[in-house]
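Please read through the structure below; I'll follow up with questions.
A, B and C are the chain letters, set down in written order, and residue numbers restart from 1 in every chain.
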Amino acid sequence: MRDGIILETQGITKRFRGLVAVDRFDIAIRERTIHSLIGPNGAGKTTVFNVITGIYQPEEGKVLFQGRVLNGLKPHEILALGIARTFQNPRLFRNMTCLENAMAGGHAHGRAGFWSSVLGLPHQRREERAIREGAEEWLRRLNLWHFRHELARNIPYGCQKLLELARALAAQPKVLLLDEPTCGLNESEKETMMAFIGDLPKQGFTVLLVEHNMNVVMGLSDLITVMNYGKKIAEGTPAEIYNDPVVIEAYLGRGEERAVAGG
Amino acid sequence: MLTFVQQLLNGLTIGSFYAFVALGYSLVYAILKLINFAHGDLFGLGAYLGYTVFVYAAGVIGSRFGLWGLLPAGFVAAALGTAGAGLLIERVAYRPIYPIGRLPAVVSALGMAIFLSNFIMAVWGPRYLAYQEAFIPTGFWQIGGFRIRVLQVLILVSSLVLLFVLYYVVEKTTFGAAVRAVALDRETAALMGIDFLKVIRFAFSVGPALGAIAGVFVGMYYRQINFTMGWVYGLKAFTATILGGIGNIPGAMVGGILLGILEALAAGYISAAWKDVFVFAALMLMLVFRPTGLLGEKVAEKV
Amino acid sequence: MRWLKRWDWLSGRPLLFGAILGFLLSFPFWGSRYWVDVGFYVGLYALLGLGLNVILGEVGLFNLGHAAFWAIGAYTTAILNVRFGVPTLALLPISALVAAGCAWLVSSPIIHLRGDYLCIVTIALGEIVRLVLINNPGGFTGGPNGIVGIARPSLLGHPIRTSTDFYFLVWAVVALCALALRQVQRSRIGRAWNYIREDEIAAEAMGVDVRALKLLAFVLGAALAGIAGNIFAAKMRMVSPDSFTFMESCLIFCIVLLGGMGSIPGTILGAALVVLFPEVFRPVAQYRLLFFGLALAATMYFRPGGLWPRRRALAAFAKEGER
């Protein structure tokens, strides 16, 4: 691991039937920072997420996490190493309670097998309690406590996005990949979400954020990477990106639209 | 060589039956993403309706117009009756349930399959019924060492014609485009002003009608029908649907013919008793290596 | 008919369970032999249903070939007992193991298939097993007539012989399995099964080893079917391929959905309905399956979640009370 870089990709390429979704893409994420990945629709941001989390295997390039190559690992193995994610549209376990959803985070850290569960052995009970308490902790901190026995499909959309975050955090990840966490939220929900995400580095988490809302990105990010057509076109602090002509050209379109997109 | 050609011909004939029935599964699956388990029994119902018309109309139509007058009457009556039954089942057992979820719909379909086969048993009895020679074209041509039956030619020609018509309707006409649009994305198709119910009615009338025609042919070919025939042929035809790629019309035809040939060759060269094991094992192998069927496209799941 | 949809089946839960238990325990002492036999079959199908409930109800894997594993259990018992003289009751765990082993072998290459594709492969599997039994390879399965002359099991020198004996045997096994499965439901394994059913990709992203857990469910479900096969063979004292048709697989499938996916009491209720329905309609024997088909469709319309669905929120509250 160099210079506190916890997660990086080196020249990853992912194609779908000849269409290049991600093209020799590099990104390096520093520990305990919020790193944003922005770009127009279809730029390949979600595909980068899917490559990092092992849902897709890249055709070329490497994904490194704490100096370890992730290529070839399955999604569940990658989560166990310490990378958790949320989805653009919440993918909750809809017919299960919010508590059960949040408890999914603890699954990977459990060891109890089939027989110890059948017999209810002491170590299995201890482990269950730990999984449960971990989940409850995050439900409380995200103000979802009163929903804990509701089915996930019955709670409001904004709360579903929070619940997905709680589920990911309950997995005690080192790096958190958030795919458009404020998309579809109203103003007050957006603010709650922003405040919460902004606080994560202090608690020891590293965040990779995909987001369309420029307020959120500019307000939260330590570093921003801009991608278009699967390639990295710029990288820098919010101030640098805000004034980068290449970004304005490729991402924001013509200059006049900047005020709209930025404001 | 002679055996091979003879077996190939048998395989083509049986394959046409499977192709006919497979189309019904495929049409409904394309539109509703539902395995219509009752479809096999609609095929059985068609065979029984054809039988009944032949028996009762033999005196009226048969005596005046002969066998070639009787045959169309039987086929049309069986196809119409079975199409009606298909529409009725859709209205009563599927339309109220498929918005609820796929699993309840599957159970409802299984329920309808059980209902239909027992309905047939209650009406026509549990014993085998024989298609009498009076209803069947019995001529044949002797070419070299093997014989071609008129019936086989009739089956092959009519299957080619009907399947081509269906292919034309679905692939080349405006209505066919609507059917394909619904198959791709029901909600978007509805937003584009496509009448979903019309497409459903098409699937649930044409599929059973084709099944009924196959049912009558099976009765003529094997000369006997039984209320369990729906399960047996339904399962095979369904296998054919999967072989060709479910929800895909040329696929259902190719799958049906292929399955028939595979089965006939396995029966001729390996063992008649093991032919079905062979067929199902082939199905399993294909699903493991090419899960979307021979003509099906590979679909990547969107994450 | 709206009240049917909303009817709360579960007010007075402990009372209901107590009444059911009392009924089941006392039934053989006042019911006629015929009805005790019917009660045995309810237990047998409950066992089959519980096995499929793990696969279909908990994990959401469409398995329409469950009768294959039942057949493997029954034939394992029959062959090892009649040919090699192994005591029937000792074969109970062995039948479970053989069925589980076969399930592991055949499901490993197909477990990645989704939804309807898996459903079709399991149908094919069920047919292959039945046809192999009919074709009598190596003279082992006795062909279409099956195998006769299976010895009665005996428990600690006490022969299991009468209808009542078998009734208690099967229901004891059902009770044990139900308790064990309830434990699993409330563990990380059971939750992970449900995560897979709800959203496979999200489950995988949350660290669930989807493949391993699906295989576990298949193997476990098959093991229960193997046990059912052993008890069935012991009771009938013969096995034949006719008992393990596609229709049986369908019935077991319907048991799980009638009762409610992932609901243990629901599955037992579903088994009772499927077995009792033809008995109640015996006076109109010819039409009873006809009505059964209609009843299946009607149930799915009025109660799509099953007759006794698993109560999520309630289960969570109960757990809280235990702490």
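Everything that follows uses one rule, which is that contacts are C-beta pairs under 8 Å (C-beta built on N, C-alpha and C of every residue); 3 or more make two chains touch, one makes a residue touch a chain.
Fair warning: this is a prediction, and the values are worked out from it, not measured in the lab.
J.: Taking each chain's centre as the average of its Cα atoms, which chain lies closest to the overall Cα centroid?
T.: C
J.: Need the most distant chain from subunit C, centre defined as the mean of C-alpha atoms.
T.: A
J.: Just how far, in Å, is the C-alpha centre of subunit B from the one of subunit A?
T.: 49
J.: How far is the middle of subunit A from the middle of subunit C, if each middle is the mean of its Cα atoms, in Å?
T.: Roughly 41 Å, centre to centre.
J.: Counting in whole Å, what is the centre-to-centre distance of subunit B and subunit C, each centre being its mean C-alpha position?
T.: 32
J.: Spell out, as numbers or ranges, the residues of subunit C touching 2 or more other chains.
T.: 201
J.: For subunit A, jot down the residues that touch at least 2 other chains.
T.: 55, 87
J.: Could you tell me which residues belong to subunit B and also touch two or more other chains?
T.: 303
J.: Once bound in the complex, which stretches of subunit C touch subunit A?
T.: That would be residues 180, 183-184, 186-192, 194-195, 198-199, 201-210, 216, 220, 312-313, 316-317, 323 of subunit C.
J.: Flag every residue of subunit C that touches subunit B in the complex, lowest number first.
T.: Those residues of subunit C that touch subunit B are 62, 109-110, 113, 116-117, 119-121, 123-125, 127-128, 131-132, 134-135, 201, 246-247, 250, 253-254, 257-258, 261, 286-287, 289-290, 292-297, 299-301, 304.
J.: Could you please specify the touching residues of subunit B with respect to subunit C in the complex?
T.: Interface residues on subunit B, with respect to subunit C: 29, 33, 35, 92-93, 96-97, 100-101, 103-108, 110-116, 118-119, 121-122, 231, 235, 238-239, 242, 246, 273-274, 276-277, 280-281, 283-284, 287-288, 291, 301, 303.
J.: What part of subunit A is in contact with subunit C in the complex they form?
T.: 53, 55, 74-76, 79-80, 84-85, 87, 91-97, 99-100, 103-108, 110, 112-114, 117-120, 124, 127-129, 131, 148-151, 167-168, 171
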